[in-house]
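Pasting a structure below so you can have a look.
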Amino acid sequence: HRRGIPEGILAEGKTPEEVRDLAEAAVETTGRALVTRADETHRETVESTFTPTAATVSVDDRAGTITVTSEAFEEPSLAAAVCIITGGTSDYPVAGEAGAVVEAVGADCTVIQDIGVANIDRLFDQLAEIRAADVVIAVAGREAALPTVVAGQVDGPVIGVPVSTGYGHGGDGEAALGGLLQSCTALSVVNVDAGFTAGVQAALIARAVDEAAESRK
Amino acid sequence: HRRGIPEGILAEGKTPEEVRDLAEAAVETTGRALVTRADETHRETVESTFTPTAATVSVDDRAGTITVTSEAFEEPSLAAAVCIITGGTSDYPVAGEAGAVVEAVGADCTVIQDIGVANIDRLFDQLAEIRAADVVIAVAGREAALPTVVAGQVDGPVIGVPVSTGYGHGGDGEAALGGLLQSCTALSVVNVDAGFTAGVQAALIARAVDEAAESRK
Amino acid sequence: HRRGIPEGILAEGKTPEEVRDLAEAAVETTGRALVTRADETHRETVESTFTPTAATVSVDDRAGTITVTSEAFEEPSLAAAVCIITGGTSDYPVAGEAGAVVEAVGADCTVIQDIGVANIDRLFDQLAEIRAADVVIAVAGREAALPTVVAGQVDGPVIGVPVSTGYGHGGDGEAALGGLLQSCTALSVVNVDAGFTAGVQAALIARAVDEAAESRK
Amino acid sequence: HRRGIPEGILAEGKTPEEVRDLAEAAVETTGRALVTRADETHRETVESTFTPTAATVSVDDRAGTITVTSEAFEEPSLAAAVCIITGGTSDYPVAGEAGAVVEAVGADCTVIQDIGVANIDRLFDQLAEIRAADVVIAVAGREAALPTVVAGQVDGPVIGVPVSTGYGHGGDGEAALGGLLQSCTALSVVNVDAGFTAGVQAALIARAVDEAAESRK
Amino acid sequence: HRRGIPEGILAEGKTPEEVRDLAEAAVETTGRALVTRADETHRETVESTFTPTAATVSVDDRAGTITVTSEAFEEPSLAAAVCIITGGTSDYPVAGEAGAVVEAVGADCTVIQDIGVANIDRLFDQLAEIRAADVVIAVAGREAALPTVVAGQVDGPVIGVPVSTGYGHGGDGEAALGGLLQSCTALSVVNVDAGFTAGVQAALIARAVDEAAESRK
Amino acid sequence: HRRGIPEGILAEGKTPEEVRDLAEAAVETTGRALVTRADETHRETVESTFTPTAATVSVDDRAGTITVTSEAFEEPSLAAAVCIITGGTSDYPVAGEAGAVVEAVGADCTVIQDIGVANIDRLFDQLAEIRAADVVIAVAGREAALPTVVAGQVDGPVIGVPVSTGYGHGGDGEAALGGLLQSCTALSVVNVDAGFTAGVQAALIARAVDEAAESRK
Amino acid sequence: HRRGIPEGILAEGKTPEEVRDLAEAAVETTGRALVTRADETHRETVESTFTPTAATVSVDDRAGTITVTSEAFEEPSLAAAVCIITGGTSDYPVAGEAGAVVEAVGADCTVIQDIGVANIDRLFDQLAEIRAADVVIAVAGREAALPTVVAGQVDGPVIGVPVSTGYGHGGDGEAALGGLLQSCTALSVVNVDAGFTAGVQAALIARAVDEAAESRK
Amino acid sequence: HRRGIPEGILAEGKTPEEVRDLAEAAVETTGRALVTRADETHRETVESTFTPTAATVSVDDRAGTITVTSEAFEEPSLAAAVCIITGGTSDYPVAGEAGAVVEAVGADCTVIQDIGVANIDRLFDQLAEIRAADVVIAVAGREAALPTVVAGQVDGPVIGVPVSTGYGHGGDGEAALGGLLQSCTALSVVNVDAGFTAGVQAALIARAVDEAAESRK
């Protein structure tokens, strides 16, 4: 509902018809809809609902997102940059969900994958690019050391996102969440696998940055 | 170590002498020190260490913070506003810890207390002031409904801080933490009682806002 | 077994035949039966068991309830009103289960959906109707702020029902349960997804209210 | 704040002066104050604050409650009865806290102690008296079987209060809480040791009962 | 391996072939085998393995047990009685598993079902029969009040078995386990759903009773 | 209350006066009293209450028990033997509490200490003595491997008692409790540090053994 | 990446194609690949990828491992011995995963199965062989007493691996993990079911042993 | 008891006299004793027990260790190096406890403090020294990212030790423990604050390394 932030529709636990109805309502009232955690049945129903002449439907299979944008909708653009980083390939779905929000608000969005601390050189190679962003979203599973290490290397705010890709004690994301909450470098945190929430928080910061620039021009 | 953000020295679990040594080192190298979770013995030792001609020592008893600033230190100033709100009076120590960081970076800092949802009118009375901030820190214990409700009313980023002032199941801050992580309005979160971390995160956002304004002037 | 409160038959974990036998016995001895958490196989078996001339079978698919009432059964009626409110559409099954009990005892039953605190205006729009009830059942998942906020606005007893519709830390209803137990406004609580229990508790209060009126007439 | 329900002031974690100030404010605005979880220092300060000519201070040492009533205050009276039962003597403080609220609203309040299920005959001896109440508060620690057994024997609503008087696994009240939430007889529940909350909930039901009688007279 | 106690073969997590091999080995070396938690595939394979002339295979579908006894095996008989009681019908599988062990050692075995505390009269009706046993196994899910109540009524040892048939907080048997460990009447306890372990423990007590009688004859 | 089993009075959380009153009542009605978890203040008060001519008071400081026996009381004697074993010296208080019950019922009671599995030879040296008992109580902290190993070596029932003497993850007795519940040799279990409960359960078995012998003489 | 230790590719949660690509890359850059937690679809795709002339693919179905070795790869050989022991047959998959790593580094690898403490003689029969190893990996589920007992009998380092093959409280490997962390004999531990991690740790120790021998020759 | 590894005596929970007796026995039978978690009262009693002519007593106040060595004892010496690293100063007590064991077995022992990942340059500055060791003990609290990062940089085995120096969710060492068990670089782990266990495990590896060198000389 807020200026620029798309309404998120959580498909999980809803029928394709319920998701479709909610998406239609959102497009009608706000010009677009962002469906998250969608499976194939949700995708098929949503894709067949919107005619290409009236709306663009873009889908990210791995991230489980569907973005619907009406023709009339005027894409926003923010003078602010968000960098999303991940520890490993299995973190992609969560990172992609965050990215869908960041792109929807029109911020600059860079995604840098597979820079977990096991091979820390890959991380240091990318530091300049990461530091260039106004806000960083760091997505990591297992022990989630990446957000902690990165927050010690950059000057802007870092949002840590724990991921549930491990097994054994803490493998459901609880070890990652606990580690992020205890981080010795200052982070703010969202829930396990909550890419959407991280994306909104980053988008709100990006908007604050953009507005500051605007209001002083 | 970062430009403008003071080094935090966690007094809890350290002797007064250890805290004093760390504070002296910080003042020498960075011009100031911020001690958190200090008790009376820490305060006495730190206060008697710094001569009034060389440094200013300011203490917040309820928040457990000690801020030491050398004469030579040039106070920073950021063109950004942070609003810290609390549900009840027992949330003050955590809010005060956050406030010490926000003030140290030179952001505008407003503290609004006792606006928990039990008497929701008090919250609505303050909404205009809260909305005026670039970033909100919402501090709350027990069920911590306040940050969730506020995040639905303001357009900027909200950082939720769970507080450990309840009793019974979840009274150690776990109920508040769980509620903030599950918030149906998008929040980012820090650990239970982690006013310092929330303050740093808000300060980093304030700096990003300030920099945006600067770089486009 | 108690006057007016239907015997609940939990279908989950039982075969259709077991559920049918229990339902037949309940109808025979008490005039009706209330099956909860029924799936399609339970429904089919129960529906084909009772002939329309002997009993009415009414089904709520989304709530998973089946109510069987023998022709001979004299519907009770209580001079008391229960209002059931929900935070979002995924809370409906639990609310519906509670409603089935409340209706079975003959209390006035109003259901108001989708008034979660993210859009708090919708809640305030309904306050007059909610306040008119003798007892409120507030059903909510995720952080479950709704029951806390409502209990601060109404003068009667509120029963909070946590729902298991989240994901990540506390998403199985534990965050909602913890929040309700810690509520800074006084609530009583039932277990996660326990619509039936909430319904019975509200029904018992409704009956006490009704009896008070009766006995003093 | 609500008609008849006293404002609760949780003394735990507050200084005697803070409690005194809150109590004075409550007496001034509402005619009385109910302090809970008060220790000796709170009691001394509160008792020496109110002059006997202006207010009555009544203290329950074991329950940790202090009730202050101004001379001008008109004691309410409700045509409704609450029965508070306990499993053992160590449950008294929690029961007493509940009782202070129930008495403050002017409901009939009976307390029956030491009727835990280990000697179930004592419970059955008291059943007639328990059944006479409009609402029952059942307070129990350890495995908390008492509320479950009682709810199967009475026709009115039962509120279960788990108590933290055990040791070992679940001895902090978690076993009692879990058992009450899983009760095979329908209960509503409050948090561990939350006598105040149970008292308020019972008081709200008592008021609903009283109002029903009134409005139909 | 011990005199009279059959070797238990846990089928869960094993292929039918693995179970068959273990059963054949057990029958060969000890004259019989007791398979627990068997599904249909295990049953079919085991049943088709043993020819009726060489061994008797008896199956309890609801309990998931398969008992194989070679023709040559001499059934033991103990002068001791075990009574197994359950709270509700969904406790049967666990009770049946316990019963299979008790019968295998040749103790007297009585099973009394559906005497949970919700309808406490049914329990009191059976007390004489329960008291006649040398040892009682009390099987119960949800809040598991039954073993606590029974242990207060009988003079012999009671073994409590928590069952995982609830839902919500503690519904996986943890509430029942916690309640049994905290029981205010003295019980010993086995793990959630561990009918086999309870059966062995009761069998060992039965054997001790039998031996005492023998050795003093 | 049962024949031969002394009433346990848990001193923890009670004042010396409350304990004294309960002890006097127990001695008067049953001829004796067993106080557990008593500290020095409880001991002093109880010792000074009973005059040596009227009752014997025997105290076990390390176990925290006080046994009071009136002159008139006829000590029971059971033809059954209980063996209590411990892993290390810090398990003594729990073992001693169990022993006080076993001795009070008049069973043969042997205590064998410090035979934890770290030095497994000490355990095997004592096996003959352990096997001679009708029932074994095995008390162990940390990982509690002792009861599991012993239950594989003896033919009678073994009751495992977890002890809270560790530190770190599971050091509060939870690791020991979990291990005993999962034991691959069949054990029954009591709560963490619940020496009293283990003693009662062993005493009930001892009595069943004794009665069997009696009734068949 | 390190000399001799194969890169592990966790198949769980990856598509067959993703696993194949990672395996091809690993074989190309390091001469081999070790896939863990592979199911049938992973196996089929990997097996059909590598032509027998270019690489050897060896599969362990029960352990879920696939080892691919290019023709050109020169098998390492370490002068060090690892012994892997298990409590029961259901521990094999975890032991096999560990073994695949140990064999890949060229250490001597002995696997001894089914020597759990229920039948402790089998364990003592194998002690000489276990003691001959430089490092022991002890794999056990349920209460996991085996690693504790073995660490008291051998002079080298023991790595304990908890396994998730139980049911009820702690049956997901948490009881085993807690027991290993609390072991009264000194162990180091890896996560539940983490055969791969245990294998790598043992391999690193084996290499240190081998290097010590080399460097002093 | 094993060759070279001193017997550890845990002082916590023991009286000074008990510790003294155990220490005397250990010195008499093995030539030395290592007391851990000792407070001032333990230290005073132990120090006054051993006369300087008969034994050397060396104390580490911060680590809480006391090492007693008889004159006759021949100090062992191992050709192997252990490096102990810590994240921050509050980790020292745990590191010192580990160091006491490593030094007692005569291995080379280096301690490098305060190289937590917040300032990762300090860690990289020390890498050459860390890599020179045969085995690394990495001690860290809060999120414990240090062991994970280090294990990715060195070729030998790393033992991670979680420390309980945080606050809030996971601050009792559980977040650190969870992170180490989930580490994406292979670690073995000991319990929270278990410096002694880590020291023994490193000592056993050091001895295996030393023996390998010896046996091939």
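Letters are used for the chains, namely A, B, C, D, E, F, G and H, taken in the order the chains are written, and counting of residues starts over at 1 for each.
Just so we're on the same page, contacts are C-beta pairs under 8 Å (C-beta built on N, C-alpha and C of every residue); 3 or more make two chains touch, one makes a residue touch a chain.
In this text, all values refer to a predicted model and were calculated from it rather than measured experimentally.
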Quiz item: In this assembly, which chains make contact with chain B and also with chain H?
Solution: A
Quiz item: Tell me, which chains sit next to both chain B and chain F?
Solution: D, H
Practice problem: Note whether the interface between chain F and chain G is symmetric in residue numbering, meaning over half of all numbers used appear on both sides, and answer same or different. | Solution: same
Quiz prompt | Most distant chain from chain B by Cα centroid | solution = E
Self-check item: Chain centre separation in whole Å, for chain G relative to chain B (CA means)
Solution: 48
Self-check item: Separation of chain A from chain G, taking each centre as the mean of its C-alpha atoms, in whole Å
Solution: 37
Quiz item: Where the centres are mean C-alpha positions, what is the separation of chain B from chain E, in Å?
Solution: 58
Exercise. Check each residue of chain A and list the ones that touch at least two other chains.
Key: 119, 168-171, 174, 177, 181-182, 191, 194
Exercise. Could you please write down every pair of chains that are in touch?
Key: A-B, A-C, A-G, A-H, B-C, B-D, B-H, C-D, C-E, D-E, D-F, E-F, E-G, F-G, F-H, G-H
Practice problem: Within their complex, state which residues of chain F touch chain H. | Solution: 89-90, 119, 165, 167-171
Self-check item: Contact footprint of chain H on chain B as seen in their complex
Solution: 1, 12-14, 18, 164, 173-174, 177, 191-194
Exercise. Spell out the residues on chain C that touch chain B in their complex, using ranges where they run on.
Key: 87-88, 116-120, 142-145, 148-149, 152-153, 166, 168-171, 174-176, 178-185
Quiz item: Where on chain G is chain H touching in the complex?
Solution: 2-3, 79-80, 134-135, 155-157, 159, 177, 181-182, 186-191, 194, 196-198, 200-201, 204-205, 207-210, 212-213, 215-217
